[in-house]
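Both of the next two complexes hold chain A, though its partner changes from chain B to chain C.
After this line comes the complex of A and B, so read on.
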């Protein structure tokens, strides 16, 4: 730690911090465009100019004669940073006036308005009038720059963050600067648009409205969006994200910087892959088979597959859950080992815990099984080399994992505690020996393979808790319509044992309920579902998940003890 | 030594038949300095250059020997020497003459300098437009390889050196030393942020020295005649200024513009602009008088007619508000020329050549050009003058707002033209006249 002074505020800063980071610790903002924590320093936007001096041994302060860019200037013990001197303010005003010279000032139709650094800084540090009398440069917009991104050329401030991103993080180097001087533009080579799997990040990186996401373009004004901190469930990397929603509709996902999880970025697969949560085909209400609805068992055999019309609003969940609880208890009591509960790797730790505890609480011989783990190819590592080859070990800056589910480790930890070991569903499809099933889905797309379908067959009891209809839900006795990741509170444990909490952003469609709430009621627990309270309980009960005991996992999450040891061993 | 008895040193062999060939260079005593240097320790060579007071001829005037000592002492791996032959400052053509007429003089300097800096590879970055230079140099380098003056074990000394001739990418910014390095590496010539300076991390992230062609041409003569001889020419150190390194040695002055006899002359440092114009360039053309003189390339700003007695050494132009001596490319502007046109022309050049990396330079150069364009169209406002001054005061490395000095070069013509010719600008704007002159100010 080194002591520095920012506008007379003393602060302890890290020895490797630059002036911007040191000032941030003192609560002082140094405006900047080109600098970004995870990209190289170019010091070209000149928005972060500050006055820097040093404290002499006799206590006097010697300020440097020139303005220096805060991003490029390292600090040491006794460094003095001034961001509010007349010289700095004049430089900030001038830089902003220059940046706005050829800017179209089309905020009223610009997607970035409201979260635009050009706008914000101009209000804070700029001046209201431009002295430019001449016509502005006019440039063509480039919608062709990528499948997911459009470039509004004239809004660009040439910070080159996007260019550096494609060179340093994705390694694909599609974006570059063409022409010279004030005619400079960001561009791609013909026939080589910016379509790498991380391309969407350049939209987040762009401090102004130059690079826009085509998916989000003109859909919603950003000031109407409400954010919920969550975790991407697209793969086991578990990127920290923010879910931006308005009126129960999710408009976009954005990465939330988290050095413990993924850094600053997320992949396009995760970023744009949330659309299924608003799919019309989603299960929106619990359903009972006609036999169960009328209460007569004997009818069921003749009317298999025929569901009763949706129950009325007042009855719907209590009836379904009471019946389900009763049926489960009956089935387990009749033949404990013939009852199989299938856990999905899309469940949160809390949900898995609630279900496991409920089932094992009835009879410990009832079986808990882990559902299929969706896997596509192998891990995709960045930055790519010139020929698209993966980076060397130790140089990896981003990984899209082949395991396309968020919480295998978390669910496995619960299963190990309650079942003793993790039994995969694939291992029992040959001889399931089961007559009653409780199956949890929640997968992003169809997951019921032929083998699973066959193994389940037509048992005496089939309860399905899922978000999409499947062959199983078609013939289930009870279907419990559950929630997607955007509708759930809970904890996910990523590939590296990092437990992160996710918050619900929206309500589930129709009468569907988030899984936690369903399971609370199914298990007959009183009170509402509260992820934090449950984490405390889990932390005290399941040794492997003891780190959850604090309840609050913070913005960055906590690492399971087993993995923390591994991490320290790797570091030393 | 007075001007009349001065015998050209660097241009001594120019004009002789076959001056480019190795045989003729050797007949005139060529490569003796190299043989001498190779018998010395490399630090001794540095000491000789250091004590000669040779300052870089590329524009900034940084002491050459001192620059070499900035290289780290213990280096694993290669050190590089880059020769800056990207002569792009308007009005400058001394490197071209040196290379085209006497390439071995430059190349001998390069081999000696490489030996002194322990470089085993030298990159000669040559402006792309210099086609003949390229052909002459290529031939000269081939001759050197054939005669054991390059390659392995040069002249039996055990020292190895390769020279690569690299043709540039046609941009002014490629002459900035880190821009040159980036361009050499095959990238866009965007100057790097300093520190680290090239001596620590330069070409291909290795310790690198970047020197000008004319500087290299001086080296063999210093080795041959000794540092004391070099100091017999030029202006000695100012004893009252401990930071002054003096302006020693011969200097090539490129004279162009409105003179009767434009051309390249070699003189000891410190001749005044007036003497240069009257004695060596046949005076201002058409019997006119000089209104303004650019002392060393357009980026140094203007001297007014009252300042013509300023000595053109490293300190002189600075005393009259110019940026420095620059490349000593003297451009004379006669009294029939409008300073508005001249300044417009200068601004247009810098707006075109700004690499576009730093905001103040990218936008500031373009904006000042737009303002002057409007003034020339008769739609100027008196407040434009102050706007121009404010732009020029807020761009460049001197206020600290840019990475490299291009913006300083763009600011100085504006500053000096307006400060020294403000009345003319005000009169022009008030008259509301449209400039009928062609865009190229020097062409009428």
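After this line comes the complex of A and C, so read on.
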């Protein structure tokens, strides 16, 4: 720890911090554009100019004669930083005036307005007017810069964050600075647009509205969006994300910095891969097979009471869930080992726990099985080399994993506790020996393979809890319409054993319900689904998941004990 | 410091009632006098509406209109400022990228694909007009707004533009906003300075 003084506030900073980080620890903001925690330092925007001095051994403070860029200046014991002197303020004003010289006044149509650092800093540190008498430079917009990215050239402040990102993080180096002086522009070589799998990150990195996401372009003003902290379910990396929604529609996903999980970024597959949650084909109401529904007809008539017979105000859920519970209990009692519950790696830990406990609570011998783990290729590691080769071990800055599900480890931990071992569905498709199935889906797309379809066959009881129709849901006795990742509260355990909490952002479409709520009611538990209370219960019950006992996992999540040991062993 | 602050605030005092005022009689007499004066003056006070339409002051806040620019396009740039400012949530805009291939729209980036105002929900406060950076939305002096259904009173973009055409034709332009001098966002080439020069400096600072 190094003691530094920021505007007369004493603070303990890290030995490798620069002035910006040290000031941040003191609660002082040093404005900056070009500096980013995970990129190299160029000190080109000159926005973070501060006065820096040192404390001499006799206690006097000697300030440096010139302003220095805070991003490039390391600190040492006794460093004194001033960000509020007239000299610094004048420099900030002049820097902003320069950056705004050719910046068009089109905030009203700019997608960044509302989360723009140029707006924020101009408001806080800038001048109210420009002294420019000449016409502003106007440049062509570049929609060709990438499939997902558009460049509004005249809004750029030449911080080169995007250029450094493609060189240092993705390693693909598509973006370049062309020309010099006031004619500098970001551009790509013809026929080599910025289409790498991490390209979407340059939109987040851009501190102004120069790089915009074509997917989000003009869809919503950012001040209407409400954020929910969640976890990307695209692969087992489990990137921390925030889901931006308005009026029950998700508009975009953005990475949330989390050094424990993935760092600052996320891949385009995850970023733009959320569209399926608004798919029209999604199951939007629970469904009973004709045989079961006819039995409930008389019941439904009594519940609708005096209303006209065609007006059905009765909720289908209580009937479906009571029926399901009854059928499950009957089936298990008839033949416990003939009942198979298939768990999906898209379930949260809480949901897996609720279902496992319910099934095992009826009879010990009922079988719990882990559903298919979607896998596409192998892990894709970045930064790529000049020929697209993966980086050397230890130089990996971002990994897109081949395991395309968020919570295999979490569900496996629950299954190990309740079943003793993890039985994969692939291992029992040959001889399933089952007459009743409870199958949980929740996959992003069709997951029922021919082998599974054949193994399930036409059993005496088939209950499917899924978000999309499948061959199984077509012939199921009861279909429970469940929720996607944006509709669930819960915990995901990523590839490295990091348990992160996810929060629901929107409501499920139509009558569909998030899985936690379905399973709470199915298991006959009282109260509403509360992820935090359940985490405490799981932490106390399942030894491998004991870290969940605190209930609140914080913004960065908690590592499972087994993996925390591994991490410390690797560090030493 | 605190002394200086209190001096800047003037507190109004209710006038004290005198002996005469406390009797109420003078007030009753003056009130009666007014009533009698009106009764015997013989001037009609009934307005013959709708045969005779009243003179509406030009700063009246009536039905909205969406202005057109010189080329007849909708002036609105779909910045959602009016929707954000609207206290009654009666404005709904869906923006879209301007058709770049169309030479007519070449200099525009964004335009409202739909623009609807629920005239029944609106409270005619004029905040939308004040928020608009390009003077695209204005409240006119058109006051006689009728319709047979609620949906009819939800005005879409075409209807709002037709209100503009009508009010321009009839010469009932609103006077509040500076029509003609556009906000910078809709101007083709923003030139010149955007603010007053700093005090005590020459033209070039």
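In this section, the second predicted complex is superposed on the first by the 554 of 572 C-alpha atoms of A that agree within 3 Å, B and C clash if a C-alpha of one lies under 4 Å from a C-alpha of the other, contacts with A are read in each partner's own complex, and residues count from 1 in each chain.
Heads up, the rule we're going with is that a contact is a pair of C-beta atoms (placed from the backbone, for glycine too) under 8 Å apart; a residue touches a chain by one contact, two chains touch by 3 or more.
These figures come from a predicted structure and were not determined experimentally.
S.K.: Kindly classify A:430 by the partners it touches after superposition: chain B alone (first), chain C alone (second), both, or neither?
M.R.: In the superposition, A:430 touches no partner, neither chain B nor chain C.
S.K.: May I ask you to name which of chain B and chain C touches more residues of chain A?
M.R.: It is B that touches the greater number of chain A residues.
S.K.: Let me test your reading of the model: by the given contact rule, A:132 touches which partner, first (chain B), second (chain C), both or neither?
M.R.: In the superposition, A:132 contacts both chain B and chain C.
S.K.: Look at A:99 in the shared chain and tell me whether it touches chain B only, chain C only, both, or neither; answer first, second, both or neither.
M.R.: A:99: touches chain B, not chain C.
S.K.: Classify the contacts of A:109 with the two partner chains as first (chain B alone), second (chain C alone), both, or neither.
M.R.: second
S.K.: So, A:221: does it touch chain B (first), chain C (second), both, or neither?
M.R.: Touch partner of A:221: chain C, not chain B.
S.K.: Which of the two partners, first being chain B and second being chain C, lies in contact with A:526: first, second, both, or neither?
M.R.: Neither chain B nor chain C is touched by A:526.
S.K.: Once the structures are superposed on A, label A:67 by its partner contacts, choosing first (chain B), second (chain C), both or neither.
M.R.: A:67 contacts chain B only, not chain C.
S.K.: Considering only touches as defined above, state whether A:90 meets chain B (first), chain C (second), both or neither.
M.R.: first
S.K.: Residue by residue on chain A, keep only those touching chain B in one complex and chain C in the other, then list them.
M.R.: The answer is residues 131-134 of chain A.
S.K.: Once bound in the complex, which stretches of chain C touch chain A?
M.R.: 77-81, 84, 95-97, 100, 109-110, 133-134, 183-185, 189-198, 203-205
S.K.: Would you tell me which residues of chain A are touching chain C in their complex?
M.R.: Touch list, chain A to chain C: 104-109, 128-136, 138, 141, 143, 217-219, 221, 223-224.
S.K.: Applying the document's contact rule, which stretches of chain B touch chain A when the two form their complex?
M.R.: My answer: residues 171, 188, 190, 193, 351-360, 362-367, 370-371, 373-374, 381, 383, 387, 390, 394, 397-403.
S.K.: Which of the residues in chain A come into contact with chain B in the complex?
M.R.: Of all residues in chain A, those touching chain B are 41-47, 49, 66-69, 72, 90-91, 94-95, 98-99, 101-102, 131-134, 157-158, 176-177, 179-184.
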